[in-house]
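Structures for review follow.
In the two complexes that follow, subunit A is the common piece, with subunit B as its partner first and subunit C second.
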Partner chain A sequence: MSLFVDAVGFGIASGAVIALGAVGFTVQFGISNVLNITYGALMTLAAYLGLVLVGWHLSVWLALVVVAVVIGGISVAFNRALVSPLVQRGASPFGLIVVTVAAGIVLQYVVTAIAGPQAQTYGEQGNSSIGVLGMTFSVAQVTIIAITVVVMLALHLLLTRTQLGRAMRATASNRTLARSCGIATDRVSDLAWLLSGMLCGAAGVALAITVVSFDFTLGATFLIPMIAAAVLGGVGQPYGAMLGGLVVGLVTQITGALWDPSYQDVVALGVLIVMLLVRPRGLFGAAWSARRLLA
Partner chain B sequence: MSTIRRRVTLALAGVGVVAATVIAAGPAAARLVPAASSSTISVGVVAPFTGPAAEFGQLLSVPCYVGTALINRAGGVLGSTLKCVPVDDTGDPADAVPNVTKAIATTSNFQMAIGLETNTAATTIPLLSRAKIPFFTTNGLVSYNHTTDPYFWRATPADNANGAAFVAFAAHRGWRRIAVIFENTASNEANLPGVMAAIPKENARAVINLSIPGDSSSYSSVVERVLAAHPQVLIFSADPQTTATFLSEYQQLNHNSVPPMITATESLTPDFYDTVSKVIGTSYITHHLYLVGAYFSTRSVAYKVYAKEAYANPLTHKLASTILAVGPPASAYDGLNIMALAMLMAHSTKGSVYDRYITQVVSKKPGAVVVQSFAAGKRALAAGRKIQYEGVVGAITFNRYHNFAGSFAVNVFRPSKAGVLVYVIPGAEVSRLLG
Partner chain C sequence: MGAAGYYATVLLVYLGTDLLAAWGMNLEFGVAGVANLAYIVVIAAGAYTYAVFALPRATANGGFQQYILGLHQSFAVSVLAAAVVGALAGILIGLTGLKRLRQDYQAMVMLVVSLIAATVIGADTGFLNGDIGLSLIPNPFANLAPTTASWAYVALVALACLVGLVVMRRFTTGPLGRTLRAMRDDEHAVAAAGHSVVNLRLVVQAVGGAFGGVSGALLVAFIGGWSPGAWAYAETLAILTAVIVGGMGNTAGVSAGAFVVYLLLLQGVQFLPQFAAHPGLSEDLGWMVLGGLTIAFIWLRPQGIFPERRPRLGIARFATAGAPPPREEAGLGGAAAPPGP
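For the complex of A and B:
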């Protein structure tokens, strides 16, 4: 029982990081309808930018904030320079995916060329333990969980209580109609890419803190669980992505604790397939219409 | 791990194909060096030069640069000089095939090779053999213990012997409650059968035996299970990132205490030291982390020649302290000398011809002069003497399957990131555990 309770705690900690990235991924998809595979490489870039800042003796948590802003800016630039022009020229969804895959690989190689292929680390960050309801967390894990919760609440308020949130939901629902109603959909799109990039940057640094040691494949490795979380929750559904992240984290850790750890990722992806067979639109997609939270 | 990192969802399967194509056509293919001249014999260093294991390619190039420099300084082989040609196997068996195939097809006078490490051996070895290129492999796969491939040569222990050596050292230290944790990759799990075979013979007990995925975001659940088993020692094999994450969480969940760890000398690299020591501290990595691998004497003439050139050569001096403590590169250096001497004995640089003389270079025979360098061997052969080459790994006796395994060394890291020998496990002791 103790092992199970501990595994739940570890799952929440893992799920928090996955959720952070998954929400950013799904928000951008909900607004732009572009499956941005470059997201993984941007997480890698974020981890390495964090490394530079930590090397300058910046607090790792301050580095997380700075990197989030920087990656947000890069995300907007990426959209304006590459994605938007291709969309305007009528590129197919599959073509856009290929472009984002290619851009991700290029970015990953650039990072490797500059930083080298060897593993990197921020060093130990808040490794002392805290007991909560029988579960054990490190200070760093508690901090990341807190950051995730705050970000999720802020996102909820943004989407439901602000003019910008309403504009984002309107754009996600029907871009043409929103534009004809006077909404600056290009600006809304920019903001969605900014928000997504910031979450991507925060997730990249949080991942680097969590895994302790990382290399240039960090983003590519964790992009799959994040996409799984987003799909599990219902693509375009921020709350679904949060829940999806939690489910993926819990399933992997409980599998590791109670069964064979080498199958923990396999089981998580197996759960994804089964859930989609039962609820094809994801956990939130069946209850609410597609993209309802962003619509 | 590189293959795991390329996982794609079913929805992105088509994209994955595109990505794999782009990767395969990337810097790996561009890394091949220009063709050598006809008076140059190309020595292929088949190893990862890109990807997560790229450091191995740099490390395995050192014995090639050292060996070819010494051979060329001694006048070369039958009027030809030797040149190292990096062949990037990327550490991935699928990606390795086009790169090695291209190297065989386009590299001028490609007549010998070293490297062919565990992750890619299954796909690269058949390519070299089909091209009739003799090679000294550093892979430890047990499946090659009884190979009948005539071009296969191995002067480094098989992984099952290495695994048994882990247990022998644990028993020597009195650690009988052993946690066995291996990352689920071919290269890491290769030591596992030897570990499990040896544990009962040392009256020890595997209190837990887990296979873990590499580069997971957390191993906390795994650590909890290991803690519950109360091990005295961890026999562990994983990449630096996985090791760092695991040890960090072990330390966190066990009140800053981590039991001693035994792993393979493949981890005796500056990268591993840097990554793990930053996470768990220098004290642990220099006092409680034991690295087990092939033993060789640092007092032999062969070693002194090897070490002197490694430190003096501008291409290798930066990595010399790292490489000189590890067995597989030493076996690759010896392999290079043996193949070059075999060429002299065969009066031919053609692989299919000189391959038959390799055993004769190292075998004991009446009246043979023992030589510990290529230069000494070349002089002796020129004087009409028979030779027996004794290398950095000592006197070599290949069995009928072209395998040789000597004793085992246990090293610990120095703060300089190089290794220092702390114990030698006799080869006979390891054989007993596997018998």
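For the complex of A and C:
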């Protein structure tokens, strides 16, 4: 039983990281309507940028914030330089996905060429632990969970309580209509890529902290649980991705503890496939996402 | 045999197997517009099938590697089995595409299927020896002298390519080829003309899968080993790049594309000077250039170096005069296609 409780604790911790990543992935998709597979490689880049900053004796948490800002900028630049011009030229959705896959591979190998293929680490983040309801968390895990909760709350407030958030939601549900209502949809799109990049950067560093040892495949591997979480919640829906992240984190960790750790990602895929077969529009099945995903 | 001669046979075998894979991918994506980002999985399925058909029982070599079957069959039977399993794997992958999901969403699912297949095979050590992979996979000419064996194998691969080319013509030309190209350009029109789009898609993926399966089998019988590291999802991009660079829908163009991508790029980088501080830098560079090439072509010349030739029938001139340009739903798009929503 204690094994199970521990696994739940780990599930919540890893779910927090997955949720950070999945929300970033889904927010950008919801608004720009482009599936960005480069996201995984950007996460790898974030982890290695964090490594540089940690090498300069910055604290990992400061590094997380700095990297989030930097990756946010890179994400906007990526959209402006590559994705958005291609969309304007009328590239097909598949063409775009191939471009983001290719860009991800280029980025991943640039990182490998510079940093080398060997495994890297930020070092252990203290060994004091905190017990909650029989579950044991390291201080780093608790901090990451706290960061995730704060970021999610901030995102919720942004989306529901501000003019900007309303503009974002309007753009996501109907871009043309939003534009004819006077919303600067290109500006909103930039902002979505910025937000997505920042979450991606934060998730990349947080992931590197939690897994301790990582290499250049970090982001590509993490894409599976992240996409599973995003699909579980319905791609394009931030709240769905939050919940999806938690569910995927819990399910994978519990499987890992009770069955076989090497099957964690397989379970994430199981979740993905079942969702696609049964409810391709996500658990909540909002009407607009149905319109977007089903041809 | 000299090292150069041996290297030549290796390159020719690689080229032959890559051609088969690129043709299969071209049939699926270039001709029929079926986007399959899990294509490397059918190649892997073929390679593994050949291995477990040709290898003796797992206990025969002292049990240092574990795998299922171990039927110790002849080369021909094993390659045939690889073709069949490749076709079945293609159909299985094709079934996930039958849900009426958006094209990019399907592509993402296939990408994940590809990642997962490698994870599952890598995790299960009893099935196909996990991450370490299989080795000592039998070569049909193992009992000949090395030089003769290598060139005999080149001849065998050349024969397979010749057969492949004849089979491929059956699907890319004539009424069936035209129907498939029409499906790529406008699925609804083909359905309205009385064709079952579902059947056509599955047939295409079965044939494409069989090509991939044979390609994998021929490769693995030559190199003798196969592991999940050999079929990372990036490999699908390499095949796709060959198709895009060469010219989607044009078999000759795609062959040129395979030559450029595999021989000039992925093999060529190995002739760059090695840096002691960065082992593997040249391969990294190869992948960077490959990704860049894909992006550049989709941006600048989505139709490829040798674009597909449109049929030049007298009647076609009248049919297309004044008509709007074809929708490029399945292609990679470009300046001709109207901007998406």
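Assorted remarks:
Basically, the second predicted complex is superposed on the first by the 280 of 295 C-alpha atoms of A that agree within 3 Å, B and C clash if a C-alpha of one lies under 4 Å from a C-alpha of the other, contacts with A are read in each partner's own complex, and residues count from 1 in each chain.
In this section, a residue touches a chain if its C-beta (ideal position, glycine included) is under 8 Å from a C-beta of that chain, and two chains touch if they have at least 3 such contacts.
Values in this document were obtained by computation on a predicted structure and should not be read as measured data.
With subunit A as the common reference for superposition, the partners subunit B and subunit C occupy clashing space.
Looking at the shared chain after the overlay, A:Leu58 reaches neither subunit B nor subunit C. Of the two partner chains placed by superposition, only subunit B is touched by A:Ser138; subunit C is not. When both complexes are overlaid on chain A, the residue A:Val267 reaches neither subunit B nor subunit C. Once the two complexes are laid over each other on the shared chain, residue contacts for A:Leu158 go to neither subunit B nor subunit C. Of the two partner chains placed by the overlay, neither subunit B nor subunit C lies in contact with A:Val5.
Contact with both subunit B and subunit C is seen for A:Ile37 once the two complexes are overlaid on the shared chain. Contacts of A:Thr121 after superposition on the shared chain: subunit B is touched, whereas subunit C is not. Contacts of A:Ile224 after superposition on the shared chain: both subunit B and subunit C are touched. In the superposition on chain A, A:Val98 contacts both subunit B and subunit C.
After superposition on chain A, the stretch of subunit B whose C-alpha atoms clash with subunit C is 94-102, while the remaining options among 58-66, 94-102 or 382-390 stay clear. Across the superposed pair, subunit B and subunit C both touch subunit A at residues 37, 94, 97-98, 101-102, 105, 109, 117, 220-221, 224, 227-228, 260, 262, 265, 269. For subunit A in complex with subunit B, the touching residues are 3, 6-7, 9-10, 13-14, 17-18, 37, 94, 97-98, 101-102, 105, 109, 117-121, 123-124, 127-129, 136, 138, 207, 210-215, 217, 220-222, 224-225, 227-228, 231, 249, 252-254, 256-257, 260-262, 264-265, 269.
Within the complex formed with subunit A, the residues of subunit B that make contact are 1-2, 4-9, 11-12, 14-15, 18-19, 22-23, 26-27, 50-52, 54-55, 184, 210-213, 215-222, 224-225, 228, 239-241, 243-245, 248, 251-253, 255, 271, 274-276, 278-280.
Chain contact summary for the complex, subunit A toward subunit C: residues 33-35, 37, 82, 85-99, 101-106, 109-110, 112-113, 116-117, 175-176, 220-221, 223-224, 227-228, 235, 260, 262-263, 265-266, 269, 272-273, 276-277, 280, 292-295.
Of all the residues in subunit C, the ones that touch subunit A in their complex are 35, 37, 96, 99-105, 107-109, 111-113, 115-116, 119-120, 122-123, 233-234, 237, 240-241, 244, 278-281, 284-285, 287-288, 290-292, 294-295, 298-299, 302, 328-341.
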